[in-house]
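These notes open a run of structures that come right after.
Next, two complexes with chain A in common: one pairs it with chain B, the other with chain C.
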Partner chain A sequence: MVDLIVFIVLLLLGFVIGNYLEKRHFKSIKERETEFINLPTIMLKNPLRPEGIKSYDLVSGNVVISIDYFKKFVAFLVNIFGGNIEAYESLIDRARREAILRMKAEAKGASEIINVRLETSSISQNTKNGIGAVEVLAYGTAIYR
Partner chain B sequence: MRYNPKLPDEGINSKDSTFFHDFLKYSVQLFATLLILVVAANFIVDFAISHLSVESEKYLAKKLHLEGFYDAKKSKYLSEVATRLYTCSNLPYDVNISIINEESPNAFAAAGGEIFVTQGLLDKVQSENELSFVIGHELGHFKHRDHLKVIGHNIIFQSIGSLLGFESNGGVNLFLNFGNSLYSQKAELQADLYGLDMMECAYGNAVDTLSFFEKMDDKQSWKYIGATHPDFGKRIANLKREIQKRGLDTKAKPVKLKPFY
Partner chain C sequence: MNITNLEYLPNKEIVEHYGVVSGSTVRAKHIGRDLMAGIKNVFGGELKGYTELLSEARDEAIDRMINQAQSMGANAILNVRFSTSSITAGASELYVYGTAVKVQ
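Up next is the complex of A and B:
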């Protein structure tokens, strides 16, 4: 009986707090995306205009976002029947956008970031009880003119 | 070439949703599937066990050496009390009751017709009638062969659990436990009624059938949700109803206990 209460509380906590945090995070992401909208972030290897470059630098942004208990349980349910785990897709979306935003924040004063790469790393998978988390690393070359 | 600043499109890579709908949909699907699986498997187990002869059961139980496992002791007086109830029950098992040196009050029926009672239970009973009712209840498990069905049901619940990887997921394990408890609690109530039958046969009344449960009742029925046994309040009510229906005497003088050793 105590197990049942703990389970329901965890599920509720995950649902209420997890959703609140996600909404808040998305709001902050959207605000910063508007703020950084004029900094081009492209995957081309070479700058579009080679002339006038004062300096360049490696910039990176990384983020680890953990899943909540509710999402984990939904994913577990979907895992049995098969299908899109949409509950996890929002996490990937958040992590990818957040990593790019952090990279942009690091590239203060840059005119563009080229050769942007996105990677996922994996710390959490190697832990014993498999803490579910999304880890995204974004890096690129910031060009200062 | 011109850079065209643009915000990411929403709703393509992720859905703005709380996923509560998914949660409900898949939960219902899963639990319906589990329900069908469990009911079907338990039906097969019950069918197989009702066709297992007592001789085969005794043969298999002998190989388990339960008596040695629990380091159990015999008591002449306890066997005498049990014999009277066995005679009433007319079950194809031999009288085989032993005491386990353990403090928590408990009694259980094991394969091959063996009954174990703990020392804690013997310390807690205050009359022979109370003791007889506990033994009568265990005989009820033999009558309905619950002592074997429980093993079968547990195997099914655990194998379904591990097959789908539920050991890692508390929620579903709880659901399985809950299902198990529904089966088990029903069996306990039936065994209680059988115990009452035995009391009626052996003593001709229902004196002290409720008193042991009343002593054990902690009035915390919520604790028994999902437990193997129903809460004592429910068991007492179940027995009271039956005693009233049969018009059994509960006021007569109880039989005194004799020393066990």
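Up next is the complex of A and C:
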């Protein structure tokens, strides 16, 4: 009985606070994305214009984002029947966009960032009561003109 | 030392190749951080402790790679790539590798 109450309380906490934190994060991501709209990130290996390059630098941004209790539960349920786990899709979307934004913040004054790569890794997925978290690293070469 | 993930350096010519250089670190998180992360696992959100830890570890791996390249006499590292793998529970390996070259 006590176990069930603890489980429901955790589930509710995860749903309410997790949802709130996610909405706040998405809002801040959207604001910063419009702020950096003039700094293109491209996956090509060549700069947009070959002339006028003053310097270049390796820039990177990383972020670790954790799942919440509610998402864990939803994922467990979906795992039984199969299908899209939307709760996880939004989590990874958040992490990728945040990592790119941090990389852009590091490249202050750059005209573009080229050869951008994204790398995703999960942290401690195999442990019994381990941390369900995803790390995303974005890196590229900032071109200064 | 020029470090880039491009396959060339803009406006510069490569005079000599030295082959692959790499650096790696294996980091574990300490219990305090794990506890905090366990609490955060209920609410979701960013694990700032882990973000810092991983970026510090990555900087150290880059330093090791630079030391190796310097001992060879290179002055630039091209085509740098990062990779992360979790070895055991609670520890991850950060590996960075690239090609050491000498440019004019």
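Simple rule for what comes next: the second predicted complex is superposed on the first by the 140 of 145 C-alpha atoms of A that agree within 3 Å, B and C clash if a C-alpha of one lies under 4 Å from a C-alpha of the other, contacts with A are read in each partner's own complex, and residues count from 1 in each chain.
The rule we apply is simple: contacts are C-beta pairs under 8 Å (C-beta built on N, C-alpha and C of every residue); 3 or more make two chains touch, one makes a residue touch a chain.
Computed from a predicted model, the values in this text were never measured in an experiment.
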First (chain B), second (chain C), both or neither: which does A:81 touch? first
Mind working out whether A:114 is in touch with chain B, chain C, both or neither, as first, second, both or neither? second
Touching A:67, do we find chain B (first), chain C (second), both, or neither? second
Larger residue footprint on chain A, choosing between chain B and chain C, goes to C
Report for A:89: first if it touches chain B alone, second if chain C alone, otherwise both or neither. first
So in the superposed three-chain picture, is A:40 touching just chain B, just chain C, both, or none of them (first/second/both/neither)? first
So, A:139: does it touch chain B (first), chain C (second), both, or neither? second
Touching both chain B and chain C, residues of chain A: 71
Considering the complex alone, what residue numbers of chain B touch chain A? 1, 3, 5-8, 13-20, 22-23, 26-27, 29-30, 164, 169-172, 174, 177-178, 222-227
Residues of chain C that touch chain A when the two form their complex: 3-7, 9-11, 34, 37-38, 40-47, 50-51, 54-55, 58, 80-86, 89-90, 92
Quick check: in the complex, which residue numbers of chain A touch chain C? 10, 13-14, 17-18, 21-22, 25, 45, 47, 50, 53, 56-58, 60, 62-69, 71-72, 91, 98, 114-115, 117, 119, 121-127, 129-133, 135, 137, 139-141, 143
What residues of chain A sit close enough to touch chain B in their complex? 1, 3-4, 6-7, 11, 15, 19, 26, 30, 33-34, 37-38, 40, 42, 48, 70-71, 73-74, 76-78, 80-81, 86-87, 89-90, 92-94, 96-97, 112
